[in-house]
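Step one of this worksheet: look at the structure below.
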Amino acid sequence: MQTHKAKRVEITIESVMETRLTTALIKAGVTGFTVLPVLGGSGRSGQWNREGQVSRAGGMVSVVCIIRPERLDGLLDAAFSMVDRHIGLVTVTDCEVLRAERF
Amino acid sequence: MQTHKAKRVEITIESVMETRLTTALIKAGVTGFTVLPVLGGSGRSGQWNREGQVSRAGGMVSVVCIIRPERLDGLLDAAFSMVDRHIGLVTVTDCEVLRAERF
Amino acid sequence: MQTHKAKRVEITIESVMETRLTTALIKAGVTGFTVLPVLGGSGRSGQWNREGQVSRAGGMVSVVCIIRPERLDGLLDAAFSMVDRHIGLVTVTDCEVLRAERF
Amino acid sequence: MDGILALAAENLLSPIILFFALGLLAAFAKSDLSIPEAIAKGMSIYLLFAIGFKGGASVADHGIDATLLMSLLLGVILSFVLPVIAFVLLRGMSRLDVTDAAAVAAHYGSISIVTFVAATSVISSAGLTSEGYMVAVAAVMEAPAILSALWIIARYGKAGAAMEEGLMREILLNGSIVLLVGSFLIGWVTGAEGMDRIAPFIVAPFQGVLCLFLLDMGLVAGRGLRSARAVLTPGLLLFGVVMPPIGAMLGLGAGLMLGLSTGGVVLFMTLCASASYIAVPAAMRVALPEANPSVYLTLSLGVTFPFNLTLGIPLYLAVASAVTGG
Amino acid sequence: MDGILALAAENLLSPIILFFALGLLAAFAKSDLSIPEAIAKGMSIYLLFAIGFKGGASVADHGIDATLLMSLLLGVILSFVLPVIAFVLLRGMSRLDVTDAAAVAAHYGSISIVTFVAATSVISSAGLTSEGYMVAVAAVMEAPAILSALWIIARYGKAGAAMEEGLMREILLNGSIVLLVGSFLIGWVTGAEGMDRIAPFIVAPFQGVLCLFLLDMGLVAGRGLRSARAVLTPGLLLFGVVMPPIGAMLGLGAGLMLGLSTGGVVLFMTLCASASYIAVPAAMRVALPEANPSVYLTLSLGVTFPFNLTLGIPLYLAVASAVTGG
Amino acid sequence: MDGILALAAENLLSPIILFFALGLLAAFAKSDLSIPEAIAKGMSIYLLFAIGFKGGASVADHGIDATLLMSLLLGVILSFVLPVIAFVLLRGMSRLDVTDAAAVAAHYGSISIVTFVAATSVISSAGLTSEGYMVAVAAVMEAPAILSALWIIARYGKAGAAMEEGLMREILLNGSIVLLVGSFLIGWVTGAEGMDRIAPFIVAPFQGVLCLFLLDMGLVAGRGLRSARAVLTPGLLLFGVVMPPIGAMLGLGAGLMLGLSTGGVVLFMTLCASASYIAVPAAMRVALPEANPSVYLTLSLGVTFPFNLTLGIPLYLAVASAVTGG
């Protein structure tokens, strides 16, 4: 089956920033993304867990974005401007996709 | 530690199609898969969010499948026949696994 | 934008082992991880589904860990000692990260 | 006429309508108010459980009515027929293609159980009762419309809309139907004694849960309307408020033919007037993935549901009262 | 004998049993009916909270019984002893290896709090009361069986089943025990006054919530049975319905020795007869990951739980009534 | 003095406090007891819905009070002023930098609706009533403190704390405020009739739900304290128990000036004394991501919330009773 090279960008960020991030991504020309829930985690700012958050402020989500390689830089700039002051993580992986016309 | 080359296939698809997809995967000889929840997303058919679905029809899941490289084509054919008419996304990444005898 | 090579390790394991795994990871020098929920799956020990678990024993989670390549072996040893007797899956993918100073 | 207006006004100021309106407003204002998915699903399970059980217990109480079977049969027939009327109207009033029009038609042949619940609450406020088995009529009216729509497509549309193997079984055994019918039968079997045991759970707090549930419905409908208003052409909008009274007229005829109580007639009218937004959309995603979900969801949930809730039900009640003299 | 049958029949037609059966049927018929995980967990929290608090309030009301401590002690001893009996039976009746047999045995030494709740509901329907502290007995019987099973393995099985550091603490402080015991103590401390405040939440709606909870249990048990029926050899199946009455007989002896009320004896019998499917499976996944979960879960949840719910509890009630003359 | 102690003791032995303590203990003991996130959010929706509706219905019942508007105004002013006091204290008592101190200050100017709910429950146990519109006062006091804190930073801190576009709207329309105010208005509009319909849902089970909710709060506060005790310097700890009474004194002044009932004065004191842990932390993560969340969450949820719940509220009640002679 015919596949096409693409980049898979995964941005883990505080829930409270989700809308701001996705708005920035759309502005940066991203055509789609998928948001995954995150149960908990650990990092420099300590360990946390979704069960046991009273606050909307707690919690993170993971935003996955598949894009053509040539659009990577624009996306990373947009993502970086978000995670810069905030807690968050950005990873990029090479991948292949079916139906490249969709990206 | 000894690792082995494999492919990580991630299929994001409407929840209502989940059982059909996994049945097709099993028929295509897949030995295992993992289903992850999806909170929301955006694409050509607009933006959506899990909280705020009355309908079973709403919502998507992400099915992750680790397979030996030589089985990739069979799996992609099975996956493609599912996402063809439906909303959905298929990505393939190279990865390494421990305990290759399990795949 | 400047990115840095890293490894993305994904360990799918029974929920009941989550704390033991993350404790082992921290002991192995991992500086952070993210825990994702898993809805269901299928493997050699059969098919299962989160809705329809009475038991805490049921259910799995997926622990994602981004590390510098040189730390991979220590992490895999720690992970392997956990999944060895237990149900579980370990995959490793190459990736790039922003802000490498954090890992 | 005055009576209708008074009735409509009273209905509009009931807590359930006001909470629905609060949800709509919060969605339009882009508030982040939301009910967790699990809680919303939990409340809908509660409502189905309660309404089913109460229906069954009421049948146990009043005995089987000779018209029970006839009501079920008429319900099935109407669910088959309504999509055809809806399809014809849609092709005339809008520019939807055959697939989209058939998909929308399926929704209007089927029913909305929450609209039904709201109607039971309105008729009981008006001091009326109804036949307990109307719950069973609601259940049998869920699925036939889907078959109708697929038949329409097979007849007028492109090929490829064949009924997928297993889909019919899936529709008939979907969770809502199983829970509603199961609770109905259990309520019937255990009767007054069973009712005594669980009444504090399913009777007293019912209205309160319904308020919260409608708050969520308002949020969902409002968000849907906001993001999908582009699909709402004037023709479609008109269809969304014209089709319910047409359905209701057929329901009125059926109810009178069966000799139902005034309350029962109102419920039959409401069933025919309401449009599905749970079972049918799911079936359409499987059987007709080409049909555009924002069209059918926006119409049934964003237009017809609020219409029935606010104006429709009081109207049906007024008409039924006038006609039956009840 | 007639009395037992009448009792069993009446029990079989109670809403809680019928909803359990509805869940089983829906699962067998592959309906997609399901209760969200969070709601199911929420209901189990409610049940533990309510049953614990009511037990404590009842102790506050009736005063501390001289037999309280003795009951706790006997409970612990029985939880240690029952796995040994179960293990011997299993090795005789089935072809399970030492590890699997010990894992199953641990489940039968421990208890199922939902079975206990169902029994309290049956005895109160029969007009009986029971000692409030039976809730505390239930709590102390959860864990010892796990130690027993690990000892069996250390003695008869391969090495490697050492008690992992921290596991015992985890078992003793698992959420269910903490909530049950905590609510019991708070009910005790706040007594009738506390009860007055929260009775409308924990008493009146209790039976209704229990119905929904058992619906979920039926769904889960049914899905488990469907996917794991292969592991159910005739020998295992037999064990699943023979072990409960054996346990119940020991519980009867203990209850009589302690001089408990008829209701209390029934509850003690039920505790001994029931098998865990929450705390013990979790502990087994950590301590004995080699043991096959589908064996122990299918047996305790798919066979013994329904057996106790439908036939077991009325049987224990009949026997206890006959023996105590209550 | 004796009266205060008796009151505090009685309060400490009420079920809601004991369940909060159970949660704290379970967290300290590292039990895995937890309430699913969706259930916790569901319960907080229930509490806001109930408290808002009851407040509105009570306003409908007693008529609009001339002091309603003045109360709202004073609430807004206090919410603006309190952060300044808190900021000055913090800079004196602790070594927090300007950003962290301003972030903490914002929490203490805003309010905790659960503390408010607990106070209504204490005053009603004491046989007192209060002005229904205190709920509205609570709502208007949520947001101003955030502006205050941002102003402090703009004045004394580094640049970069500009109010992000859209944030103010987000704060004013956050789910809690919309639900609370919406329910209040609906309660007001539907009055006694609406209340009759949903009272069995929002009145009778209220205390029971509050117990479970406080159990969860105890778990969360306990886990927060365990993992963040390092940030709690003696100075901060002292601030966490000294600031509430200071706030309460201002609230007392306001309440007396307005001529509120004794119950109303207690509620005003409680609002001023309580610190936000839902709305403000979320706003701070957006507006001041540099501020350390473990400092402000640990202080408001781990120190001030338990202080108010156990000692603070009875103290405010005693003082208000003494001063108003109520």
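The chains carry the letters A, B, C, D, E and F, assigned in the order they are written, with residues numbered from 1 in each.
By definition in this document, a residue touches a chain if its C-beta (ideal position, glycine included) is under 8 Å from a C-beta of that chain, and two chains touch if they have at least 3 such contacts.
Keep in mind that what you see is a predicted model, and the values were worked out from it rather than measured.
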### Task
Find out how few touching-chain steps suffice to connect subunit A with subunit F.
1
### Message
By that same contact rule, can you tell me which chains touch subunit D and subunit E alike?
### Response
F
## Note on the structure
Farthest CA centroid from subunit E: chain A
### Query
Which chain is most remote from subunit F in terms of Cα centres?
B
### Message
Taking the mean of the CA coordinates per chain, how far is subunit B from subunit C in Å?
### Response
19
### Query
So what's the Cα centroid distance for subunit A and subunit E, whole Å?
45
### Message
Could you work out how far the Cα centre of subunit C sits from that of subunit E, in whole Å?
### Response
34
#### Entry: Where subunit F touches two or more other chains, by residue
32, 34-39, 42, 174, 204-205
#### Entry: Residues of subunit A touching at least two other chains
36-37, 47, 56, 93-94
### Query
In graph terms, nodes being chains and edges touches, is this line, ring, star, complete or other?
other
#### Entry: Every chain pair meeting the contact rule
A-B, A-C, A-F, B-C, B-D, C-E, D-E, D-F, E-F
### Task
Would you mind writing out the residues of subunit E in touch with subunit D in their complex?
13-15, 18-19, 22, 25-26, 29-39, 42, 204-209, 211-212, 215
### Task
Within their complex, state which residues of subunit A touch subunit C.
12, 36-44, 47, 60, 62, 73, 76-77, 79-80, 83, 89-94
### Message
Applying the document's contact rule, which stretches of subunit C touch subunit A when the two form their complex?
### Response
1, 3, 6, 8, 22, 26, 31-37, 61, 66, 93-99, 102
### Task
Going by the contact rule at the top, pick out the subunit B residues touching subunit D in the complex.
14, 16-17, 20, 45-47, 49-58, 85-87
#### Entry: Contact set on subunit E toward subunit F in their complex
36-39, 41-42, 45-46, 49, 53, 169-170, 173-175, 178-179, 182-183, 186, 189-190, 194, 197-198, 200-202, 204-205
